[in-house]
Amino acid sequence: MNAIQLDKEGHLKHFIGIEGLKRALLIEILDTATSFISVGEKAVKKAPILRGKTIINLFFEPSTRTRTTFELASKRLSADVLNFNINTSSSSKGENLIDMLRNLEAMHCDMFIVRHNAAGAAHFIAQHVAPNISIINAGDGQHEHPTQAMLDMYTIRQHKGDFAPLRVALVGDIQHSRVARSNIYALQTLGVSELRVVGPKTLIPKGIEKFGVKVFNDLKTGLRDVDVIIMLRLQRERMRGALLPSAHEYFHYYGLTQEVLKVAHPEAIVMHPGPINRGVEIESKVADGKRSVILEQVSNGIAIRMAVMAMTLGTQRETY
Amino acid sequence: MNAIQLDKEGHLKHFIGIEGLKRALLIEILDTATSFISVGEKAVKKAPILRGKTIINLFFEPSTRTRTTFELASKRLSADVLNFNINTSSSSKGENLIDMLRNLEAMHCDMFIVRHNAAGAAHFIAQHVAPNISIINAGDGQHEHPTQAMLDMYTIRQHKGDFAPLRVALVGDIQHSRVARSNIYALQTLGVSELRVVGPKTLIPKGIEKFGVKVFNDLKTGLRDVDVIIMLRLQRERMRGALLPSAHEYFHYYGLTQEVLKVAHPEAIVMHPGPINRGVEIESKVADGKRSVILEQVSNGIAIRMAVMAMTLGTQRETY
Amino acid sequence: MNAIQLDKEGHLKHFIGIEGLKRALLIEILDTATSFISVGEKAVKKAPILRGKTIINLFFEPSTRTRTTFELASKRLSADVLNFNINTSSSSKGENLIDMLRNLEAMHCDMFIVRHNAAGAAHFIAQHVAPNISIINAGDGQHEHPTQAMLDMYTIRQHKGDFAPLRVALVGDIQHSRVARSNIYALQTLGVSELRVVGPKTLIPKGIEKFGVKVFNDLKTGLRDVDVIIMLRLQRERMRGALLPSAHEYFHYYGLTQEVLKVAHPEAIVMHPGPINRGVEIESKVADGKRSVILEQVSNGIAIRMAVMAMTLGTQRETY
C-alpha cells in the first residue's frame, strides 16, 4: 500500500489507507489539519490553496454526509468540484471504469474522491490513474476509511494530547467496519498504551488479536478505565441477517448508557463516526452529554479533509 | 415569531414569515433589494458580500424553481452553496432532523434555506439551530412564503409607488396558499387601502375577515376598480379532491381573462407567483399582455433573496 | 440556420449547427480553442473571461459525460453554472418550455447549453429566447452536435495540419448519428479531398451522396488509404430493432480491428466520440493503440467548448 501512497520523497500522493503509513506522516497530517481548523472559524471560510484545481467526487455508493464534507473542504480550498454519483449496476452495463478514468484524466482533473462498496476500489483506481492525479479513499467496502480515522486521531489529540498513555476501546460491529479497521491501524501506529475491541462474538473477526488488540465481549469489562471510547454505527441491515437478534437486545448488551459509562475513566471521551442510531448503539444522554465529542469530530473532519487534499496535491505543497 | 426573527437590536436574523414584522423592516428589505437589482443587470453579476459563507439549500419538498432563485442569489453574492434534497420519507427512517442540524452546524455552515411541506418547519429549525446560523423560509406547508411576498411588494412598489391608496385583490385558492397568507400580512402591514380575497367558498378559509380582508365569491365583483391583482396558482391536486369540479369549470368562473380584466382599474397590474397554468387560472392573453408583471416578479425575486441573505448574515451588515 | 447563429457583424451569437457556417468562422473557432488548450494544462486551470456570467445546463436528455465537459469549461472560464435536468415526460405536464425560458431570462441568465432528444430543439430555443442570451447545442436528436464536430476538426488539424489533402472515413451508424451529420458539414466546409461514409445499408441514409460523400458498405474498401477514421458509437438500442442482427455480427463486418486498420494510410488516426463499446464497433487493441487519438479528443473538447462559450458571449469578445 505504501508504495502507491507515497512519492519518491515520501510525501503523500494518494490517501488510500492508514495501514503501513509511518507515525511521522500521520503526525504531519494532524499538524497540517491544525492550520486549516481556523479557516472554518473565520468570517470568510476560504483559502486559495487549490484554486483552479478540478476535484471529482466519484461516489459509487450513496453518501450525502461524507460527500458533503469533501465538497465543503474542496470549496473552502477554492477548488472546482464536480459530483459524480455512479450507480454501479448501471455503470457495469455501460462505460467501463478504466475508460471513465481515462476520460476524466483527459479533462485534466486533479483529484478523485472515491467511495465504493468494494474493498480495494480506491487502491485499484490509484494503480490505474495517471501520475498527476491524486486519489483519496472516502470509504471502500469493509476495508478502510482513512480520513475518518485521522479526524478521530485529531479529536483524541485535541483532548488528550499524548497518545502514549491512552487506553482506547472500539465498540460494536468490528467485523464489518472500515472505520474500525482504519482506527486500529492509526491507533497502533500512533502508539496507544492499550487498544480494545468490544462487541458480540458474531461481530468480531476471528484472529483479530494478532493486530495487538484485546477482545472483550462484555461491554462493562471492555470499557473499564478507558480514556477514549469509539462507538461504531450499527448497520441496520446486519439485523436483518442472522448476526443480531434485534436493535432492542443489542442496546441492552452493547448500547452505551450513562450507567455503563461510569466504569470508564472519569474524563473519558465518547466518539462516534455518525450518523448515530439513538437508542441502538448509544443512549441520547451520552450522545448529547458532556463526555461526547461527536460534533467536534464533524468539525475536525473538514480540516482533516482539507489537509490531505492540500498535501496530496503536491505542487501546492510549498504554498500552504 | 418576531422574538425569533429579530436580534436584540431589531435587525433581521432569520426570515421565517411576514407575520408580526414591522413596516419599517419590510421597507428596509425593499430598499436593500433596490441596491441588488443592478447586480443582475451588470455584465459581471457578482458581489463579494457573502464570499466564504456556506449556504445550504435544505429542501424537504422538491422545487427546482425556488431553489434555483436562491442558488443564483447565493452565487451572485459569492457564497458557496450546497444543495440538500431530502426525501422526508427516507429521512424519517435515518438520521433525525436535530442531529442533521447539529452536524451542519459543526461543518460551520452559515445559512439554511428551508423548504418543507409542514407548516412551522423553518420556525422549528430556527428555534433549534446554533445562534450564528440564519434560517430563511422558502415555503413551509400552507403557512408562509415570505420571500415571495416581499418580491410581490417590491413589484407593486415599483409600479405603484405608495401602498396607501391601493386596492389589491388576491384571487384563487386562498385556503391552501402560503403565498396568499404571506401577502395578506405584508399588504396589511404596508397599509393598502383595501384588500380583497376572491375565490370559491371551498377555497376561502372561514373567518378570514378578521384579517381585515373583504371576501368575494364573484370574480368580476371582486376585481372591480382594483389596482393590483395577485393570481394564485391552482394546485392541480385540489381538483382531484372534492374541492373543485374541473379545470375547465374553474377557468369559467375564476380564470382571469381580458374580458374580466376590464372591470379593474385601467392601469391595474396582474401578478402571479408562477409557474402559471395557462387556461386554468389565467388566460394567455392576460399572462403575456401589457398589464402582466409576472416576469418582473421573477427578476425582483433574485434581488429580494439577495437582500434578505445579506441582511440576515449580520456580520456582513456594514459591508453592503 | 446562419441567420440565427450570427449577429449583424457576422460574429457567432448561438452555436446550433455546423450547417451553413463559413470556413473562416470554423477556423476562428479552432484558433480560439488553441488559446484555451493551455488553460487545461496550467496548475491553476482558471481564466476570468466569463466571471459573473450565469450558464444553465438545460439537459432534456441525460448525459453525464457531455454535461461534465460543459460544466468544466464553464467553471474554468469562472462562470456560475446551474444544472437543470429536465425529464421531458414530466415537463410536458407542467410548465411549458417557453414559460421556462421567459423565467430563466428574467433571472438574467446569459447562456443555455441545450441537449434534447428532438431535432431542432436548440434552434427552436434560439428563436424564442431573449436577444442577450446565447444558445449552444449540445446535441439535438439526430440533427447536429456541433461542439463534437469542432473538437474532431481540432484533433484532425493538430495531427494532420492542412485539411485539403485528407481522405476521411466516417464509419458506422450514419443514419442515426448527429455526430456524423455535424462532421460531414464541417469536413466539407473545411475542404477535405475525399469524404467517405462506411456502414451497412440499413444504417446509411438514402441519397446521402448529394452531400458529396462516397458510400461504402464494405469496411476494408471504405478504409483503403484514408488518413482519418471517425468511428461512430453504435447505439445498442438499434440492435433491439430490426436494423442490426447482433453486436457480434456487427463487429465481424464493421468493427475496427488491427487487421482492418492495415488498409488505411500507415499514419491514419482513429477517432471516436466516446464512450466506446469495446468489441462492438472497435477492438481494444485499436482503441488503446498508437493510432488512436480518442483521449486527445476529450481534452480538445474542453478547449473547444471554452472557445464557443467565450465567442458567443460577445460582450466578452474583446477580453479573451
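Letters A, B and C mark the chains as written, and numbering starts fresh at 1 in each.
Following the convention adopted for this analysis, a residue touches a chain if its C-beta (ideal position, glycine included) is under 8 Å from a C-beta of that chain, and two chains touch if they have at least 3 such contacts.
Computed from a predicted structure; not experimentally measured.
At the interface between chain B and chain C, under half of the residue numbers appear on both sides, which makes the contact a different-residue one. Chain B is reached from chain A by a rotation of 120°, derived from superposing Cα atoms (nearest 5).
In this assembly, the C-alpha centroid of chain B lies 42 Å from the C-alpha centroid of chain C.
Among the residues of chain A, none is in touch with two or more other chains.
In the complex of the two chains, the chain B residues touching chain A come out as 51-54, 80, 82, 84, 94-96, 99-100, 102-103, 105-108, 315. Those residues of chain A lying in contact with chain B across their complex are 40-46, 64-65, 68-69, 71-72, 75-76, 274-276, 278, 295-296, 298-299, 302.
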